[in-house]
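Take this structure, written in structure tokens, and hold onto it; I'll ask about it next.
Just so it is clear, A, B and C label the chains in written order, and each chain counts residues from 1 on its own.
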Amino acid sequence: MFGLQNPTKFLKFAKLTGPWFALASALLIGSGLWFGLFSSPADYQQGETVRIMYVHVPSAWMGMFAYSVMAVASAIALVWKHPVADHIAKGSAPLGAGFTLICLVTGAMWGKPMWGTWWVWDARLTSMLILFFLYLGYMALAGAFDNAERGAKAAAILAVVGWVNVPIIKFSVDWWNTLHQPASVTKAGMPSVDPSMLLPLLLMGVGFTTFYATLLLWRVRSEILQTRIRNIRLAQIHGEG
Amino acid sequence: MIQYWELLKRELRLALRQGSDSMMVVGFFVLAVILFPFGIGPEPGVLARVAPGLVWVNALLAAMLSLDRLYQGDYEDGSLELLILTPAPLEVLVAAKVTAHWLTTGLPLMAAAPLLAIFLNLSAYDLGVLLLTLAVGTPTLSLIGSVGAALVLGARRGGVLISLLVLPLFIPVLIFAVGAVDAAQHAFPWTGQLAILGAILLGAVPLGLYASAAALRQAAE
Amino acid sequence: MSQFAAETLTCVRGGRAVFARLSFALESGQALFLLGPNGSGKSSLLRLLAGLLRPCAGKLIWDGQPVQEDPEAHGARLHYVGHHDAVKPVLTVSETLHFWARLHGGDSENRVLQAMERFAITRLADVPGRLLSAGQKRRVNLARLIAAPAPLWLLDEPSVALDKASVKALEDAMAQHRAEGGMVIVSTHADIDLPDAAILRLDDFAAPSQEAA
């Protein structure tokens, strides 16, 4: 795609576009926060706590989106062996795990005033918790090998297997949840979204995406450079030998 | 496929002669379940209520115990390379390995379940449903577990790592298996849950075989 | 009459090009010696020829057909002897040989007996692997070569742990294999006598230090 599987071209691309993504995310998240915190109404049921949604929901989106990026990049790396795809998958994982963690923490902060408890086994939150563990497994596996190539390949296979499983996990958790849901919690899912809430939500969503892109470009760049340094070192070792 | 039967025979022979693995798995399974009455009290109603979940969670953990040896021995002594070079699809050989794993862990777990049913005050009918879920569910555990076992070959701390990789993927099996027995306990229909377990197994066969074979190939590189 | 050829193989391991643009061709009855210092890629080349490793560039050709199109057929026509002997502690020598022979698609009692005789392990037939010495294990591994026929032998330092008599047995086996139209590719540090073998020096194909990412 646009020759970006070539590390050198990717570095140029990242250098060129990185600042723009950073600027866009600052503007989008800034305005999203302003609309979300000051210029939108409080929910008639939940009051001011509804504003947690502007962070909680986009981070849930990004948690899932980053996993898909990771899985697709892994599949590309497995089939076509593009080194940049490996770096993208590896770089995406901690970002996605971070977003998922933010989603879980904000979910707990939201749950305390809403349900009176930090954690309920709500279907969405439970799925996000499992997703978080899928990320942890991926990162643990990628880092468990002395040979970085091996780790990347093993983790890529795991990402694809995990991705196939995510819908099944989601389906089973939803089914399980309807089975066990106590009556008091049923209504307290997402509040019906007022149009004035939609604007900040969308701004934050797009802002989180560009923020993710900024960080991903930056991480992939440093991965490429690290690989180069390693190769130069190797060449030196073998040159002397 | 002659290779399938030959490898299966060899695996069973190895398990038989090296002994104790299956016994240890069953021992762990029974012992871990027996711990719970000490933890939550021996009230028969409570035990029967949590029995399906207890048995299944411990079956998951027990099935995982023996996973890290599934390919490790062959990886270390060079057998894995020769297996890959065998003139048969690697998926077929993985299928033999998975079958052997199920015969030496899944099946013994099922054999131990009636004993646990007595300890946990489970009725004969519920035990029947529990056995059905174990019969359909534990092969999935062996298939998914095989992927995990193949992925961690050559990794540091492989044994602990497998649980982190594999346990989240076991959750759907756990949910529907326990759901079926729960439903049976409350005299609700449970065949739907069992059918979903069967569907998961059917999906896990190609996924488990292909992914394990891919993982083994990259491990041998 | 078969032909096995490698065309402009390049092998990259751990971000380093081990060798580049390596080519050779081998015909029935011929043998090839792989020579080179540590790290020059002898083992990598043998694993690559077996199909365990994928070449970064170049290809393998058997009788005009690219090997990658049918890896199983390639597996059927080769024996690979690596650094490990694939001997299980609880299986006897004869069980081990029968197992690998059947897995390779051919098992006749006759050939297994012949193989054990060739490498002087007949009296060990019922001894479990855990009681074998390193040299005996290596001989069991080598006996696989005879137990199931395959035209291409890929041997990675086969003489390690072998005594003089066993090396001689291996040399005889290779000579007979070649007389029957087989091919042998061997890497070695020690002296193995292989008459009229072609020699491939891997340092000739060492890649100049270059970026391989």
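Definition applied: contacts are C-beta pairs under 8 Å (C-beta built on N, C-alpha and C of every residue); 3 or more make two chains touch, one makes a residue touch a chain.
Given the structure is predicted, the values throughout are model-derived calculations rather than measurements.
Trainee: What is the chain whose Cα centroid lies farthest from the Cα centroid of subunit B?
Mentor: Most distant chain from subunit B: C.
Trainee: Could you name the chain whose CA centroid falls nearest to the centroid of all protein CA atoms?
Mentor: Here the chain at the core of the arrangement is B.
Trainee: I'd like to verify one number: the distance from the centre of subunit B to the centre of subunit C, where each centre is the average of its C-alpha atoms, in whole angstrom.
Mentor: That gives a centre separation of 37 Å.
Trainee: With chain centres taken as the means of their Cα atoms, state the distance from subunit A to subunit B in Å.
Mentor: Chain centres of subunit A and subunit B, defined by C-alpha means, are spaced 31 Å apart.
Trainee: Where the centres are mean C-alpha positions, what is the separation of subunit A from subunit C, in Å?
Mentor: 47
Trainee: Can you pull out the residues of subunit A that are in contact with at least two other chains?
Mentor: Expected reply: 147.
Trainee: What positions in subunit B touch 2 or more of the other chains?
Mentor: Residue numbers touching two or more other chains: 221.
Trainee: Which subunit C residues qualify as touching subunit A in the complex?
Mentor: So the residues of subunit C in touch with subunit A come to 14-16, 39, 209-213.
Trainee: Subunit C touches which residues of subunit A in the complex?
Mentor: 7, 83, 147, 149, 224, 227-228, 230-231, 234-235, 238-239, 241
Trainee: Inside the complex, what are the residues of subunit B that reach subunit A?
Mentor: For this pair, the touching residues of subunit B are 147, 151-152, 154-158, 161, 164-165, 167-169, 171-172, 175-176, 179, 182, 200, 203, 207, 211, 214-215, 218-219, 221.
Trainee: Which subunit A residues qualify as touching subunit B in the complex?
Mentor: Subunit A reaches subunit B through residues 78, 130, 133-134, 136-137, 140-141, 144-147, 150-151, 153-154, 157-158, 160-162, 164-165, 168-169, 171-173, 175-176, 179.
Trainee: Which residues of subunit C touch subunit B once you look at their complex with the stated criterion?
Mentor: Where subunit C meets subunit B, its residues are 47, 50-54, 72-73, 75-76, 78, 80, 82-88, 90-91, 95, 99-100, 102-105.
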